[in-house]
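Listed below are the structures to be examined.
Both complexes below contain chain A, partnered by chain B and then by chain C.
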Partner chain A sequence: MRPFLTAAWLIARKDLTVEVRSREIVATTVFFAVSCTLVFAFSLVQEGRTVVDAAAGLLWIAIAFSGTLALGRTFERERFNDTLRALMLAPSDRPAIYVGKLLGILAMLLAVELVLVPLVGLLFQAPLLAHPGLIGALVLLGTLGFCAVGTLFAAMLVRTRSRDVLLPVVLYPLTIPVIIAGVRGTVAVLASPPDLAMAQFWIGLLASFDAVFILLALWTFEPVMTE
Partner chain B sequence: MASTPNLQLPTPDTRGPTATGGTARLGVGVWALGIAIGALLFVMTPRMIALAPYESTMGLVQKIFYYHAPSGITMFLSAFVAGIAGLLYIFKRQPRYDRMCLAASELTVLFGAMVLITGPLWARKAWGVWWDWDARLTSSLLLWMMFVACLLVRRYGGPGGERLGAAIAAFGMVNVPFVYVSVNIWRTLHPKTTVVPSLAPGMRGVFWICTLGFVVLYTLLLTTRARLERQRAMAEDLHLALEERSTQS
Partner chain C sequence: MDFDRISFTNVSRYFERRRALSHVTLECAGGEIVGLLGHNGAGKSTLLSIAATLLRPSAGEIRYGTAAFDDAGPDVRRRIGVLGHETQLYGELTATENLRFFASLYGMNRIEDRVALALSRAELSRRAHDAVSGFSRGMRQRLALERALLHEPRLLLLDEPFTGLDHHASLAMADRLASLAAEGRIVLLATHDLDLAERVVTRAAILRDGRLAAIHNDPRSLRARYLDAQIGTG
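So, the complex of A and B:
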């Protein structure tokens, strides 16, 4: 177990070091998420008022869109120098590579969400920070589920020519339960009075989705990545 | 079934008999099954549906149910066949599982299209709207989308597309309960699955016969499609072998 965790940690640290030095993914993704939020704001805000529940929907649209962007970009780096092949040749467990990449992408997306969540709360007058624990759990578990499926398919799509369009084609239908749970959970927390039982139900659904899909990805990563 | 794929170019004197023999044997089975399904679906069921009692509030419109619900059952069955074949292909890497996964994915999309066309037609008459974001409709649509994605990836994914397709089919299958639960809590308008045991006796028999017909039809289409794919692969191998021989001589 220890070599597995070490390998995963080393890969995640490598991705994060590259990111800290260039700041490319986090900077571009934050900007993309903000522009995304503004585009939706212009279509949803009328006479200075927003549509009911718009904030929750917007937050998750921005998370899904910027998540796809970050996933694509992370694996583009690996493709550029054909380093994914080098990683695959490394004498470590293949699933450790998956866990490493997953942790790296998760950390980057969480950094983006640290900006995104307060911004959506501010622009749409939504009390997103009133229940930081529940919103934090929803965002963390939702992003984890999205990345768990996304990392596996982005890794498989690395060598495909039309990967940019195929990643969202694959990812959005498969992660619909995450989006539904995320949006409905956030709506339940934002409601006045907040529907905490409902929010907890969606958090439970997200946790089981994450557990099932991470296990499935760990199980299938080695055979699907073998040439 | 026909003989196993042979990578070597057959010599001219053995090629004729084995090829025609194999095809003829399978052909008889397929024709027999085809005629049986034709009798079941085109002669027996229309009569049974016509004779089945009218539903008290919806009247004639309810008869689309005998077409809609079996298509839905076959779609879900097909999704599970595709998912299991996908998992088997991922772990065993045998081309026959890949062919099965491809055939089942295509049929999921086909039967899904039938569900999604007959559903709104019925909904328009029963609920007064073409589409409603009801739980069953939405989850059928999402399952259908996953398998359309699967076919798109197989078609445009280039080399390795079949592995991606197998993974999507497997993930799609595992996703079914999550989609179902999440959409169900989100919205509900459609009658529950418990509607089938509560059907009037005159309707229940017809419903099960229709379902049987669809499942047999599905089995026939699945085996035929997988067989077509195998013959395509064999033809490709023979073509390559022939080219190799002509370059050698």
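So, the complex of A and C:
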């Protein structure tokens, strides 16, 4: 177990080091998420009033779109100099590559969400930070679920010619349960008064989705990556 | 797990309906540098990818010593080094960071000593802390070879390793390959460069349309034999 975790940690740390040097993925993803939020804010906020539950929907749309962008770029980097093959050749268990890439993408998206969540709260006048524990758990588990599926498919599609088109086509239908749970959980937290029991139910459901998705991905990663 | 030979028996590989390799039978032992020669699309890279455990054969058997392909897990991969078409290096990381990352991934000990030795062999000690993206193609290629050799593999798989190297660097790499073979390593080398192949390989396997067209145990006059094999008279 220790070599597995060591390899995963090395890969995640390498991804974060590369990102700190290039600032490519986080910067472009933050820019995209902010643009997306502003466009929706202009159309859904009229004279200081917002459409009911718009903040929750917009938050998760921005997370899904930004996540897709980050996933594509992360694996494009591995494709560029064929480094994914070098990782596949390493004598660690191949699912460790999946876990390492997942941790790296998750860290990058959480950094983006540190900007996104307060921005959505501000523009949509939504008390997203009133229950930081619940919102934090929803965003963390929702992002983990999205990345768990996304990392597997981004890795699988990295050698296909139309990967940029195929990734969202495959990813969005499969992550619908995560997005719905995230939206409904956020709506419950933002309700007046907040429906904390319902929010905790959706958090539990997200944790279950994550466990299932991660186990399936660990099980299938090596066969799908060895052509 | 160590091994002293790799053998391919009737290995075929199809990509959907396209045949990339057909019934290739070849054995390579320690101390040999086997040149894989052939036109683009002849099946050289496919054979190397299968040997590297990155591609599954559609049919046939591959053995690393006594271990079968399906049993070739981390222990066999630990004994394989690959230098592919691309350098397999991270441009944003320095030469030292690249080597240190792969050494850690292979669970090696004395990492700093090995990295320093690899940088010295690649003649890059003075650029050790520069990002690889600023290196010339030749410098990257030298570093990539050392990265592939960092874990002292038994089986070394090289796909066009002379790409981007000047004449002096190509000869230096040829000498390096000869010394690796002399240490008992198995070297499988795919190349278009017949002059360098003649200089470095101990045996030549010529592939044509995915089939093994000829094997020459004496690599002298390789150019003439290669042309014969390509037109079907070899």
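Observations, loosely collected:
One rule holds in what follows: the second predicted complex is superposed on the first by the 225 of 227 C-alpha atoms of A that agree within 3 Å, B and C clash if a C-alpha of one lies under 4 Å from a C-alpha of the other, contacts with A are read in each partner's own complex, and residues count from 1 in each chain.
Basically, a residue touches a chain if its C-beta (ideal position, glycine included) is under 8 Å from a C-beta of that chain, and two chains touch if they have at least 3 such contacts.
These numbers come from a predicted model, not from an experiment.
When both complexes are overlaid on chain A, the residue A:Phe213 reaches chain B alone and has no touch with chain C. In the superposition on chain A, contact is made by A:Ile176 with chain B only, not with chain C. Contact with chain C, but none with chain B, is seen for A:Leu89 once the two complexes are overlaid on the shared chain.
When the two structures are aligned on the shared chain, A:Gln125 is found in touch with neither chain B nor chain C. In the superposition on chain A, A:Leu166 makes contact with chain B only, not with chain C. Judged by the touch definition given at the top, the superposed model places A:Leu205 against chain B, while chain C stays out of reach. When the shared chain is aligned, chain B comes close enough to touch A:Arg184, but chain C does not. Shared interface residues of chain A (contacting chain B in one complex, chain C in the other): none. Within the complex formed with chain C, the residues of chain A that make contact are 3, 6-7, 10-11, 14, 17-18, 21-22, 80-83, 85-93, 226-227.
Those residues of chain A lying in contact with chain B across their complex are 149, 152-153, 156-157, 159-162, 166, 169-170, 173-174, 176-177, 180-181, 184, 201, 205, 208-209, 212-213, 216, 220, 223-224. By the touch criterion stated above, chain B contacts chain A in their complex at residues 87, 90-91, 93, 142, 145-146, 149, 152-153, 156-161, 163-164, 166-168, 170-172, 174-175, 178-179, 181-183, 185-186. Touching chain A in their complex are the following residues of chain C: 52-56, 74-75, 77-78, 80, 82, 84-93, 97, 101-102, 104-107, 131, 147.
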